[in-house]
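Step one of this worksheet: look at the structure below.
Order of writing sets the chain letters: A, B, C, D, E and F. Residues in each chain are counted from 1.
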Amino acid sequence: MKKSKRYQQGMEIIKEYEDKSDTPAYSITFEDLMELDSKLEDYIVEFAFGDIYSREGLTHEEKTLLTISSLVTQGLEPQLRLHVNTGLTIGIPPKKIVGAIIHLLPYTGFPRVLNALNVAKDVFSQRGVEVGKK
Amino acid sequence: MKKSKRYQQGMEIIKEYEDKSDTPAYSITFEDLMELDSKLEDYIVEFAFGDIYSREGLTHEEKTLLTISSLVTQGLEPQLRLHVNTGLTIGIPPKKIVGAIIHLLPYTGFPRVLNALNVAKDVFSQRGVEVGKK
Amino acid sequence: MKKSKRYQQGMEIIKEYEDKSDTPAYSITFEDLMELDSKLEDYIVEFAFGDIYSREGLTHEEKTLLTISSLVTQGLEPQLRLHVNTGLTIGIPPKKIVGAIIHLLPYTGFPRVLNALNVAKDVFSQRGVEVGKK
Amino acid sequence: MKKSKRYQQGMEIIKEYEDKSDTPAYSITFEDLMELDSKLEDYIVEFAFGDIYSREGLTHEEKTLLTISSLVTQGLEPQLRLHVNTGLTIGIPPKKIVGAIIHLLPYTGFPRVLNALNVAKDVFSQRGVEVGKK
Amino acid sequence: MKKSKRYQQGMEIIKEYEDKSDTPAYSITFEDLMELDSKLEDYIVEFAFGDIYSREGLTHEEKTLLTISSLVTQGLEPQLRLHVNTGLTIGIPPKKIVGAIIHLLPYTGFPRVLNALNVAKDVFSQRGVEVGKK
Amino acid sequence: MKKSKRYQQGMEIIKEYEDKSDTPAYSITFEDLMELDSKLEDYIVEFAFGDIYSREGLTHEEKTLLTISSLVTQGLEPQLRLHVNTGLTIGIPPKKIVGAIIHLLPYTGFPRVLNALNVAKDVFSQRGVEVGKK
């Protein structure tokens, strides 16, 4: 089926966040979900990326920091893993990702922040990046 | 009593976020709280501002966007009002604050975002700023 | 500007939920938000209603019960007020709305349920409906 | 010890939700908990099932949809696994369970919904049911 | 209708938490709710008080501190108001209630704690108690 | 580098909560985090322990019960594991920890409580303590 303009716009954004050297972070998830519902992929690509991520006025880095803050606050670890990953891909230094998570200490308390740092540390380790060096 | 170096560092940060033309946003709250506990002001000034907000690596604008994202996610309206206010004070355009809140739609759903936009709209109105003009 | 097919689909759904005897519940909110962002109305009408509420497989009543459950769980009172209202409009008996909220006691605890019942009671009173009679 | 009328009422409800072909979903959990506190089983059976699930006015299917919505919203995966399971047992088609979870996208955002769909997909796979076929 | 033994047990516990000099804190709420559902009062009195609050092993003060901690964490202000009130009634010094709320700073962050202290301060003021004096 | 007085105060508190017979519960976590940020350990030791846990007016047991209540309410299982552990170390009987978690049933609902009891049961089993015997 021919995909909508919003879908194409969404896919372009997704490509900007994908790790070039690696299996695309999003496509795996999509394939798993497509057997459950025929529209779900469209909602993600068209709405989350085509509508929201393609908005002007915020840089990719700012969008990722906002996203990470919401995910840390909710303790949503699978999605945090994804967005720490895409954060590195678009060029946010690991040290800055760590600083963004630590900034939330007064707003979420220590447990949410420490659990999020464990996720970040794991992603850094998988990607072979070191805090303070990249 | 002589205040700690961290307290002084915290107060300097707070001053950078305060609306110069107006009653300082934070001091009112402090006076109300001081009668309940003699240490509470120190925790806020020394830890939240002296330790956390004074960290290097993120701009004031990035810190405020991270803070707003966490507050929107938790539906913490009194603090959101404060940080939308300080966001304007440090020079974030109202349109960008609106965009940051709208970016959270895929992560918190519509109700949290719409309730937060109502708070932002109210702050903009009180400060006499208009979205898209400043 | 010509509105999309999804927008038209969304507006049709919204009309089915609107109280015929009264100012449309949604349009007020829209007007308030349109000055903040030119796309926000589209996101609500196209995505929330055109994409999601227009899906087949669940009745309007089932969609409203699912919505109410999520809003009670999050303590989102302004939206709960709206959806208790639209629930009455599409014909859910007030007694059933009360029963749906009470069913959540083992999953959210008493405070969320009691606060939600206060909202429901207020909506019933404004609409002049009585529990157990309609 | 002789069990209360509410306990018997609760156990009857629980049996209606249990997978006949399989080890009862609830009894395992009960045995694990009984060593920690002698009353806990009674609270679950008497209050959650004897008092709440035995109420009239909502069908088993409606009660399960309300329950699933609250659990998705809170990200409570072990309980979601249980209630997707009992949903299948009382005859909710897997496609409808998927639709109910997807309906929550505008109210909880994508991460809660996607994590819940992963749980549902796993339960479907364990029970050998396929979406769109049953 | 003759009330159950659990109901009577629950009412006895409630009386121990009530302010003797004043309109009972709970009965007002009950009357409001009774018109919505004939069983709701029983659930509160029998389960919350007859079953849970009447358990042995924790003092009234410990039960109230646990309750306050959960309510502060969830930002449930109407119920926090009630339990700060009953806390004073059973003899917890206001200074200790303040200390219990402040203890949560590392676990919930500042906003939840500051909003809770505002509620506590308001209750203290209504009851004419002063922190550090009673 | 010479550590602050608050750091020393914090470390003294931490030692009181540590299992004497075992690897210190906190130090492991610290080492993992120190490579991510040079200040994080100070925030935990100085603020969470030096400032907050060292406050007068609440016993170690009361502080731990308040902490457990907040963690159960948020479903923060790694931290709950830690504080059930330190609770045992400072001498709270396992039966009382179970009772404290069960007390939260009316405030958080069953799922949070049952998931927390599974964590507690696991800690008891690892430490070889039995409910009702110690």
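Just so it is clear, contacts are C-beta pairs under 8 Å (C-beta built on N, C-alpha and C of every residue); 3 or more make two chains touch, one makes a residue touch a chain.
Note that the structure is predicted; figures quoted are calculated from it, not measured.
Graph distance from chain E to chain F, where chains that touch are one step apart, equals 1.
Set against the Cα centre of chain B, the chain with the most distant centre is D. Note that among the pairs B-C, C-D or A-C, C-D reproduces the E-F interface, with over half of its contact pairs the same by residue number.
Interface residue usage between chain B and chain D, two copies of one sequence, is largely shared: over half of the residue numbers at the contact are used by both copies.
Chain D and chain E have CA centres that are 31 Å apart.
The geometric centre of chain A is 41 Å away from that of chain E, both derived from CA atoms. Touching two or more other chains at once are residues 39, 43, 47-48, 52, 55, 71, 74-75, 79, 99, 102, 104-108, 110-111 of chain F. Chain contacts here are complete: no pair of chains fails to touch. On chain D, the positions that touch chain F within their shared complex are 29, 32-33, 35-37, 39-40, 43-44, 48, 71, 74-76, 78-79. Chain contact summary for the complex, chain C toward chain D: residues 47-48, 52-53, 55, 57-58, 62-63, 65-67, 69-74, 79, 95-96, 99-100, 102-108.
By the touch criterion stated above, chain D contacts chain A in their complex at residues 75, 98-99, 102, 105, 110-112, 114-115, 117-118, 120-121, 131. Across the complex, chain A meets chain E through its residues 104-111. Within the complex, the chain C residues that touch chain A are 39, 43, 47, 51-52, 55.
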